[in-house]
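Both of the next two complexes hold chain A, though its partner changes from chain B to chain C.
Right after this comes the complex of A and B.
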């Protein structure tokens, strides 16, 4: 018995594994069958009735999403009657849709709008008053629901059932009075709410965080890896490089995270915007006054300090937030070339590294724990995941180079740690976040690039390497990554 | 045909008997004899007998019952037999008559059918408005348990079967077999996507057979008398008898058991006594509200069997015959039909959810005088795109609408043009 079946899709022979539906086959073959309720990451509901196709020899049209591909089947997706069915399928969806696209956040990435452009009728057949439904409902800490825009595809209900298993949403009432909603007095509280915004094909669910901030067609999307935990979800950052601002994070389908990501990860963009960032090279002048200067002065002061200090009085305090390439450059220079032996891992005080929420978020809130361990091993240092912050404080080092965690979101004790660190004789805090600037006793700061502004890679909890391949220009003028920093130091130190 | 037809009484054999619902009356007249016969045969033999009898589903679709049973996998494990007693098709009131006459006939039919398909548990899903019938069936189930017809080791022949009754909550859609299953599972009554079919994965994911009350009630007679005896009644393709519930301005409306193939006008004129004085026949809905309407000339020589009514582009359906008198305004009737489907659409599939509302919405225009003749064509076009496009057949509600437009287009047009005074249909 063969494990694949071959059938004809629009006249072409297509071979797919046994058990695949026509929809799955069409998606792989880039044959567009319009659909709303079907989603690769959810069970088949078969309710929008939009993905009609014609199977030769069968009297009725069938929905591609629940149509098993069988040997020798002949499927037509573009014949006139199928086109007619799609046109009407869309018309039925539009009958009671408010068509408020000009004020709808989903405009530009709305499947209803896109389908309209592809298979739509260009004149509405509906001449009677539409059914009105509740709007602007606060249904969750991240969510606003407009039940009038909703096309009742049930993706959100299935997401709540199948992915988060929280069953927070249901379809209430029936017929054209049916509305999506939460149960009485209940709201959606979990950490995966914004996935509902992603999978909603229309503007029924919008994100409180993002709504009315930007028209989506103005946004640039660049692929990256989330730095919120050791899962390393594949994401795309949406921002505007001409404005030097980031607006939102969306998950990108991958084997690591499937279709989803958590809300906490999505909020990483907040900490990348200029007002949250360390923007200056701070250092102490001859009078021990803290001043903000340029990159050149900052660099030369650090180089001089390193030159003037005994190698065994220099320490590195390294968080697991940098890329593999940065660890390589850092350790190759300080450990291998200069011979520094005081290298300490900087981790959260009360972390439960093995915690896991069952979906994506892990207790290890560092994106590159494994990458750091690998680098430490490579350079002959003892590799064992542990927090050595206190050890660093007691090390008696005269100069500490502290590679800070990228944001306090996944490292709540960052401020407290920095304050303790600042009591050491000389601390050079390399950070993307503005906190080291706030603590005036920190003698030296280096503004780092954010994770979406550099190239490199993170190694996730299971050794999967995620590439940061498509950086935005840094929103902070003069920000550097660790590799660039090491290169400059090497030049200055000679 | 005609007067020579002998009326065999199968489902209504207890008609006119005192205490007909009691176990003692039922047993006195041969009740539970078929069960003893059946349990001594093999399940496959029972399936063959029912298959050979040509019994077809009496709920509306007319699917061959034995064939439906044969789809159930022969594997071990939990299986369910559900009785669809949610009689909700407007105009239909035949199943309740069975419960009124002899609920034990249904119980016996269910035990035999469960034995045939290998089900260990059965539920009767009863329409919640059947207050008396619910009680009568509960009483009968209790009697059957006490007499050892239900429960463990029935009649000492090694078969176990438990039966319970469940009340619906008034939704028409729960009369659709997968909608019924959803409802029984405690979920919102919405039909399920097929495949998988209930025979493979139904109630709680187990193989499940759903049969109508009338279908199951015919099983004891067939098992007792043999498939040939059943085949001898009715027509070749529609064997047996069927209950017809006939309503409208008639002298003697009610439920009649006649062999399939019985002339429709004979049923109307003789059994139902003909129309009331002063009423004239305008149209007939032959099989419940979902069946397209027929004109007097269509039904003149029409016989009541699945094939003949299908050939006249309507359907036998549940056997609910509704007589429409001359003075009935067809716009009112159309609105009434669409209001019903609009109200009862579960809202799951887009074409039905939006289409039923849309048509109702357009029909409003007939009453506020904003309708134009184009609206008739639009309703027609919408119907074409609703039928056959959804999970269940509710959106085929388009069918009666298309039927009325086909047969009464002139009346609709003149209603729009002249703004006819509204006249309420007083029989539904």
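Right after this comes the complex of A and C.
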């Protein structure tokens, strides 16, 4: 048992691997030690001096984050002197904190507020004016910095050093005038800026994207999988289901993405809000006029069209943005039951599938490339990742069912592709995204649910299956997913 | 079919007295009513009834009536759109939309601040929750209107009602800070808050 050590934490025996700190052990055991500068994804700095614990036999208290667990050690985290240390440690952090919680976006998820309620609750003994520092600084394309709120935990500096390796931030000046800042008016421009907002335990970094939009305690969180690229980061979507709006995306710790995610993925919520979504079933009525109508009429028009057309003249154009379950249902019906052989993959014209930025973002901007390949192979179709959009245009199909990519952010050519598609005789575009001009020219549209509104799974580039298990109610009334669509079609076609 | 034999009760003389007493009490009551009516009609006695709305009715300073938003000295609303009133509101009648202020020292301000007065229960929690003394419930209790009237009070309406000037303070200095969150607030200021009967 040389690679594990046993020590006493608050009176119970805890066995951890050798080399673990007391903080790591306490986090695993759900023993709460208040902390600011410690972060699971970053190196230990030990600058906030807040995670004090008492070790038996040692004269002074020590910080848990930098205290190696050793055999037979007796650690106390709840005794009165430890509580006092936390309490006055917190007051020391708040000496120059402006307490502008009313205008601070972090309020509600702020470690200072949480710590005050857990270990603080003192009456302040500070009666000196606070040190004033620069506020509301524009330090990056996604960031606003407020140096007054900062408690100098240096998490952001370490993030820039260790994760993005851009070294964009530093601590300048000394003592109570020390501030976080960028070098020589340079701005932070990388694609991982909003992680700084997440790791900042206070409201020093706030996101321009989310700034003042909503108070965090009003938001509902539901776990999902990012659809921005084939990495498939685990995320939690924050929205208000009674308002039918999404507000922001945060990463969720997992083996796939660690603690981080990229800004591009965080912006996926924009394309899920009602104004960006296809909301109606468009089709031509009996008088050959385009109208936006209801689900029943739209479905029966599509079913009639499919019935009247030769099986050889029906084509499927499938993007890699739908879930495994949807591909399964789609191909089981069209390929196995109806016997359609024209199934085309719909991908970007210019893409470098193997590109990788070294952290998370991959060149393959489709969340479920592997899932589509697996489904195609299962139904005996060639499975090779390539763009067959042009092939579909030249196939001479009379009816094309196009499963559109979900967000134009990860599929920039969506607009021109749809324009080209609209020249085909009959196209049924199943889309979650709304493109006002193109949608006018497409013969038939089906509003799909967004990825946070469906159940199912994505298979990422490594074959990891990410579950979409906790859907929001669809923000578009009458939106369907592909499985529901296939079920309704099967009923109508008999 | 069973027949129940009921004996006629003997005549009770007291019932006459009871009946007479009833009429007597009625006339006593009417006498009192008429006496006061004529006294007040002839202005011999003062009446407690107000001839509202011709005569103004006033309530105490703590009355929780129609809301208003206070202003800074420079005329801007004090509200910083912190949403605490909307959070505290049990009727969920406050809608706020926050925005970036052009003055970077102020940062956040309400682009829209609306109260659906038909939903409001006048509990005053918004006033209590406000850290900046930006919303108060005022003395107005008359909120009659027709169906066409707007029942959702906008920020402009809440912050700009000239009829409220005078009796109550609707403006506070821009450097004033609430004593409960800022220790530096001077003794004078604390006094001034007390004087206006707000705390």
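Criterion: the second predicted complex is superposed on the first by the 488 of 494 C-alpha atoms of A that agree within 3 Å, B and C clash if a C-alpha of one lies under 4 Å from a C-alpha of the other, contacts with A are read in each partner's own complex, and residues count from 1 in each chain.
Going forward, contacts are C-beta pairs under 8 Å (C-beta built on N, C-alpha and C of every residue); 3 or more make two chains touch, one makes a residue touch a chain.
In this text, all values refer to a predicted model and were calculated from it rather than measured experimentally.
Trainee: After the superposition on A, what does A:356 contact: first (chain B), second (chain C), both or neither?
Mentor: It touches nothing on chain B or chain C.
Trainee: What is the contact status of A:129 with respect to chain B (first) and chain C (second): first, second, both, or neither?
Mentor: Once the two structures are laid over each other on A, A:129 reaches both partners.
Trainee: Comparing chain C with chain B, which touches more residues belonging to chain A?
Mentor: B
Trainee: One more residue to check, A:66. First (chain B), second (chain C), both or neither?
Mentor: First partner only, chain B.
Trainee: Would you check which partner chain A:99 touches, where first means chain B only, second means chain C only, and both and neither mean what they say?
Mentor: second
Trainee: Which partner chains sit in contact with A:379 here, chain B, chain C, both or neither? Use first/second/both/neither.
Mentor: neither
Trainee: Between chain B (first) and chain C (second), which, if any, makes contact with A:152: first, second, both or neither?
Mentor: In the superposition, A:152 contacts chain B only.
Trainee: Shared contact residues on chain A for chain B and chain C?
Mentor: Dual-contact residues (chain A): 126, 129.
Trainee: Quick one: in the complex, what on chain A touches chain C?
Mentor: The touching residues are 99, 101-103, 107, 124, 126-127, 129, 135-136, 211-213, 215, 217-218.
Trainee: Where on chain B is chain A touching in the complex?
Mentor: 171, 173, 188, 193, 195, 342-351, 353-358, 361-362, 364-365, 378, 385, 388-391
Trainee: If we count contacts the way the header does, which residues on chain C are in touch with chain A in the complex?
Mentor: Interface residues on the chain C side: 80-84, 87, 98-100, 104-105, 107-108, 131-132, 181, 183-184.
Trainee: So in the complex, which bits of chain A are touching chain B?
Mentor: Those residues of chain A that touch chain B are 44-50, 52, 59-61, 66, 68, 84-85, 88-89, 91-93, 95-96, 125-126, 128-129, 131, 151-152, 170-171, 173-178.
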